[in-house]
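Both complexes below contain subunit A, partnered by subunit B and then by subunit C.
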Partner chain A sequence: MTGVGMVGASVNGILGHSALIIGLVTSLFGAIALGYATVVGDRRLLRTAPNYAWLAGVAALIAAAVMMNAILTYDFDLQYVQDVGSRSTPLLFNVAAMWSALEGSILLWLATLAGYTAFIMWRYRKRLDDPLIAWALVVMFVVTAFFFFIAFGPTDVFATGAPGVNDGPGPNPLLQNHILVMFHPPILYLGYVGFTVPFAFAIAALITGRVGEGWLMETRRWALLAWGFLSVGILLGGWWSYEVLGWSGVWAWDPVENASFLPWLTGTAYIHSVLVQERRGMLRVWNISLLVATFALTILGTFLTRSGVINSVHAFADGSIGPWLLGFFGVIVVVSLSLIAWRGDRLRSPGAIDSPISREGAFLANNVIFTVFAFVVLLGTVFPLIIEALQDRRIAVGQPFFDRLSMPIGLVLLFLMAVAPVLPWRKASTELLRDRLFVPGCVGAIALAVAVASGADKWPSLIAFGLGGFAAGAAGRQLVLATRRQGWRGLVGRANGGMIVHRGIILIAVALAASNGYTRVAEFTMKVGEPVAFDGHTFELLEVEAFSTERSDGLKAQVSIDGGQAYAPAITRFTQMGTDIGTPSVKTGFTKDIYLTLEKATEAGATEAQVKVFIKPLILWMWIGGALVAIGTVLAAFPGKRRRNPTAPTSAPVPTEPETAHV
Partner chain B sequence: MGPDELARLEEERRFLLRSITDLEREYEAGDVDDDDYRTLMDGYTARAAAVMRTIDEGRAALPAKRRTRPTVVAGWVVGVLALAVLSGWLVARSSGQRVAGQTLTGGQPADEVAVALTEARALLGTDLAGAFDRFRRVTELEPDNAEALTYTAWILVQNTRFTEDADLIQTSLDAAVDTFERVVADDPGYADAHCLYAVTAARFLPEPDLELAAEQGQLCLDSNPPAGMLGLVQDFVEGLEASTDDTRPDATVADSAP
Partner chain C sequence: MPSPGWQRFKRGPGWILLGAVVVALMAIGLAQNSDVLSPEERIEAISKRLACPICDGESVFESRNNASESLRNEIRAQVDAGVASDDQIITFIEQRYGAQVLLVPRADGVDALVWILPVVALVCGVAGLAFAFRRWKRAGGDVPTDDDRALVAEARRAGLDDDPPTDRPTTADRSATTDAAESGEGDGDGS
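Showing the complex of A and B:
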């Protein structure tokens, strides 16, 4: 793609700018038209609203497609392509370069958001005269307009770069090392941005005063979908970290990870507490507050990770996007709180929790714990910013803070995961608890015994294994009862799908406990022909060989494990950046992974190399758990056998319930 | 009456009141005759009145604001305060100086090791206890870290100068010598361990082992010690070679170790 010399801008730049300005204008018009038509009851104007959503969606899609085209056709007239594009980067990583830096990730956000808005418009196009739907779409238009503005103005995604540039460095070398960079960000964004939909309906419910259970029924699948995408996206990020970064870990509590984890925590609390409102009409303020918090935290997270504030708090003054995001965050909080205060009288619960030993009592406890967890993570994440702003001291909050607090919180959540599914609504008797917890308790005891017999000796891990078994037993019991009564339908529906999700989460928790507590590490200077032994395995360096591509060169050590297949940890030097990137090599197994990294090697043909060996127990089960979470979420989105009528009174006395009816 | 039903009635009230306004406008414009106007107006008014009455009843039936028991409120306040204090104390305790390139929070263990080592080096000349804590943190994260082990041992040795408790001195020196032995065996190319072990053997052991000191001093020189240490160690080794049975080497190198 060549530049248009007279104006100093490329065709891609002109097309991109045009798409963004069209999207901004149509989103604003959509919000105004729909809002005005709803207030005055103008049905003719109301019917034009879908056109704005289609136009905004197409504009966002064109903007993203234009940027992708610019990257793939090496249009170095654009600043962003100069920053992340490269002629020598393979196609796969050039595609991923689209979201490898600020401008592209804003475009990805925008395209996802406009897509959601267009889809919601299509889904509800015949119900636009319903004020709840109309106001929800107004909110979505407003959020979409804000991101069009951010992309067009402060970020200036399609800015023209310096003249005469014919090649660029390509994306960060760490983003050129694994295929997961293709999937992790888009899936994460589908979750992150997806929470805009239930947030929009929550605000619409407050505006219209319809704060009962109707809006929940409209949004429950959207919330579930967003939560599922966010969960899988976070887990894929952990997998990428494991496969690429060479420290054998999946989670380091860095601010970017925390930014995605915070809305996940509040979102998880919401998808549990919403059941209490649907069932008993309680926790209305709480549910709306959780959705507001979830959406606000996505904006705060975007501010933290995209404004430059993470590198230095002084970027507040220089950053162009930061103040806007912070301002938008403030607007969300103030408007939402004002609306909640305005509708306070209607948000009061018609009843109270009868007993803490009940399903709703357990959900409340679950919510308190998730909220505490979110508070702890938020505090740790913003604490350095607060200290730097107030005292001009640059500090970091270490991993021990998060580990110390997340461990007991995680254990309590595992306990609740075991107990809550077997509790009935309203109250439980001792006999009933004894009966329903017997099998899960046995499974927990067996899990504990197996752990001890396998050599586990650290008490936090042992408690995690025991509680994991307890919770898995409870989820398994629910699924067995459900499938016995309903056949294959016992695996679908929110309650049963939820139990499959629980099993996935338990697997992840157990894998984390095992790998955090029992990873063994050793570093060896391996010599060709001289095997070394570690943790019951032998490792033999076969050779050190060189490799080279157009963009990089490097060394890899061929290391045979137990006299069998050779694995090849490598160090790659990206020549344009002069950066060395280690690439681990992993032998994966059901009981443990053997993870090799090349720490030092001098030259091809060398007879020795420094290799680090990590023995990671049960790590594979983390990815299997992630797959179960995804499958369970999909199954939970299907209607179960007995679907409640959305208009049924929710505050009425609840008849005695078969034990598997709800999560 | 639930809030959704109440909102529906309010929407109906808005519609009826707007219809009355529209009807009056049309009547004034002469588009509606008197009879139709009266019939329609009576209908709308009656419906609006009925709806407004139902709304009032519905509002009255909304759950009243419940009084929360003071003990419950106090419990929540105490809980929130306890959480705030505990997490504030922990976050302050878990924070430290941020060095260039380090992330705001968390990070890989290797990053934490690098930060702790940086801090420990900076504290070595001014705050031995602080430096010791950092080096110990490194050995928790990387039990075989040669630098942290070496300087942990060296600080133990240094501390013997500030106590007259013979048992404590002996325990510290034993622990230090064991650590030096471990490091020079595991990482023979690490010069600092040889240098500091040599100084310890010559100057701090109750019965100086000059042969060991000379051997470790030479290994230090052979291992390319840091530039700042090189000249001092050379003088130290030469002093050892020149020393007679009761001569002890110059103490300068011990005082100027990093």
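Showing the complex of A and C:
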């Protein structure tokens, strides 16, 4: 396909534009046709609705494929290719260049969203005469149409660039040296965009007035799926930061990171509180509000980070998209609140929660904490904006602020994770709690003892390790009881899969506590032949080497750790951009990582180099925890125990199948 | 079936013992806190609290550009000169570069809101929850009807035949079973 030249260029532009306009029109038609057919009961029109979903899905896919093709075939007539394309970028990073800036990310969002819409249509194609399904699909069509519009109009993804350009700079050099750039954005978007599905069903429930548990059952797995993808996507981002950025951290509370974390927080609150509604028919308004908040926060987060109001290291600013996103956010909030107010009478749920010391009480506490957490993150993110608007003064709210506030919140959540799983529904006696929590408590004490023996010495980390053990013990207790009773089925179903997710989250929390509290750092001017010692390890500079590629050259220092294998942190200079990018080198281990960065080196063959050494305990467990979260989410999505036995202890899976809910 | 002795131990003396062990472990842990930091660790701690003056939202610690580099050198000079407190160094830097290099907002004036509002939110959340529980308590829980009791009794008979619970059923477990009858109360649409 190379060498298509001018003709090919216009073909890509025309194809892309046409795909977007076709997608926009079909999504709008889909929404109107489906809505109208449902209102007047026109079954023939209803049957045509799926075609719109297929067409919009194909259009979005074609738009994305055209852009990918344009980047891979160096079609420099397109503005976006001029921005992120380069003839010298390796294939892998050229593919990832697709989502390395605003326009391509919108296409990725669009393709994911249209894909979800088509898939939901396919899944429910035989039940379109159910107004709940029809209205949910109308909402999906409207959101899809909005993103087609954003891509076609305000962002103008396929805009023609300046004439005569024959090569470009390629993506930001930071996005060109790790394979994770291939996976982090698409997986994150699968989660981010996935929350549109339960949101659409929530709105449909309000419109049809069927605000009971039916829509919850339909969207249970969709919410779980979106949550799982979002969790894994966020963690992959942290992993990328660790492997690439060279300050040895996984999370910087950067506005873009916060934008992905906010829906995760409200989404996590939702997948817990939804259980109270399924079981007790309560909290209807609250659950709908959480879903609306989750979806609205994805839009608000995109507004904050993609419109240039807040700048951050990885925000892509573009002034034209901001007002539309903000307007859309406003529409979502106003429409949802009006619908909730309109359906107020039906949303009042029967029943009462008897005691705070009960499973539902713990879920409510969880919800309060997660909501406060989301509020804190949102406040910290927008606070500089507020101050600038009020007093025309620039301030920064950074990592220390978030760290200081999230630490106590995290500890409370760990405590809840320890207590909640053993609590029965309705009411618990202290006798029962003492009985069930004893073994988990012992596990916590053992964890604390191990932490003390390995040198933990500060309040927050000691408490974190102890509570981590306590919570892991409680989750383990549930899994042991469930597998003893049900065999392998004791590992599937929501309650049991959820316990595996809990263990993953606990591992992540413990890894964070250890690496935030006990990282050792030192910087050395290492000389060849003179080993230096630090924190029980020796480091020896073997040599300084030069390397070069077509577009960059750089230096790497070969540093032998403990007289063994050499690790080679590097500094790469991207000649075209004139920027220096450091690349850390990490020796990974189960108890600690040794993380080396090259700070300064003069030339190849030099006999000294400045190297920074970070010793980071337990960081590997963060990625293992992430894998457990993913596995647990998949297991949780499996159907649990089919038949509900009312005498089974509360560790049994909560009934999930509609037919068993009506014993 | 666990022995009754173990059951008794778990409910009383066990917890006292566990509490004592935890307190002892915490004491040992806190006692080994020596608070000796290498100069780099002090520089790291301080540079994490300062914003890179020319970029957006990155700390001096994370940022790799020259402005941050010179700030780091500034901090290093202060640390090497033996300035005792981190706050002194921060204040020194703030005087030279202006308040926008502070990553942690000061707790005075309007800026204090960023610290106060989270506490307000937490208090509101907890108060709201307390209020809700009071209202629920006044409304009174649903009292199980005779039909519910019959259903539970039948289910329990069936359950004991094929699926003995491993946990010793307790009062609360039994009360948990009553909602088997109630979970049918949802409006049951769409399922």
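Simple rule for what comes next: the second predicted complex is superposed on the first by the 626 of 663 C-alpha atoms of A that agree within 3 Å, B and C clash if a C-alpha of one lies under 4 Å from a C-alpha of the other, contacts with A are read in each partner's own complex, and residues count from 1 in each chain.
As a working rule, a contact is a pair of C-beta atoms (placed from the backbone, for glycine too) under 8 Å apart; a residue touches a chain by one contact, two chains touch by 3 or more.
Keep in mind the model is a prediction, meaning the values are calculated, not measured.
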item	value
Fit or clash between subunit C and subunit B when superposed on subunit A	clash
Partner chain(s) touched by A:W324 [first = subunit B, second = subunit C, both, neither]	neither
Touching partner for A:F76 - first (subunit B), second (subunit C), both, neither	neither
Which of subunit B and subunit C A:N258 touches, first, second, both or neither	first
Which superposed partner A:R348 touches (first subunit B, second subunit C, both, neither)	first
Which superposed partner A:E218 touches (first subunit B, second subunit C, both, neither)	second
Partner chain in contact with A:G41 - subunit B first, subunit C second, else both or neither	first
Touched partner set for A:L245, first subunit B, second subunit C, both or neither	both
Per-residue contact with subunit A, leading partner among subunit C and subunit B	C
Which of subunit B and subunit C A:L390 touches, first, second, both or neither	second
Clash-bearing segment of subunit C relative to subunit B, given 112-120, 148-156 or 166-174	112-120
Interface residues of subunit A shared between complexes with subunit B and subunit C	210, 212-214, 245, 247, 249, 252, 254-255, 281, 310, 350, 352, 372, 375-376, 379-380, 383, 387, 394-401, 404-405, 523, 649-651
Subunit B contact footprint on subunit A (complex, rising order)	41, 131, 208-214, 245, 247, 249, 252-255, 257-258, 281, 284, 310, 345-350, 352, 372, 375-376, 379-381, 383-385, 387, 393-402, 404-405, 523, 649-651
Complex interface listing, subunit C residues touching subunit A	7, 10-12, 14-15, 18, 21-22, 25-26, 28-34, 38, 40-41, 44, 48-49, 51, 55-59, 61-62, 64, 99-105, 110-111, 113-114, 117-118, 121-122, 125-126, 128-129, 132-133, 136-137, 139-142, 151-152, 155-156, 158-160, 163, 165-167, 169-173, 175-191
Residues of subunit B that touch subunit A when the two form their complex	2-8, 10-11, 15, 18, 59, 62-66, 83, 87-88, 90-91, 93-98, 102-110, 112, 115, 144
Residue numbers on subunit A that touch subunit C, as the complex places them	130, 132, 210, 212-215, 217-218, 245-247, 249, 252, 254-255, 278-281, 310-313, 315, 350-354, 356, 361, 364-365, 368-369, 371-372, 375-376, 379-380, 383, 387, 390-391, 394-401, 404-405, 424-429, 431-432, 434-436, 438, 441-442, 444-445, 448-449, 451-452, 455-459, 462, 466, 481, 484-485, 520-523, 580, 582, 612, 644-651, 655, 658-659, 661-663
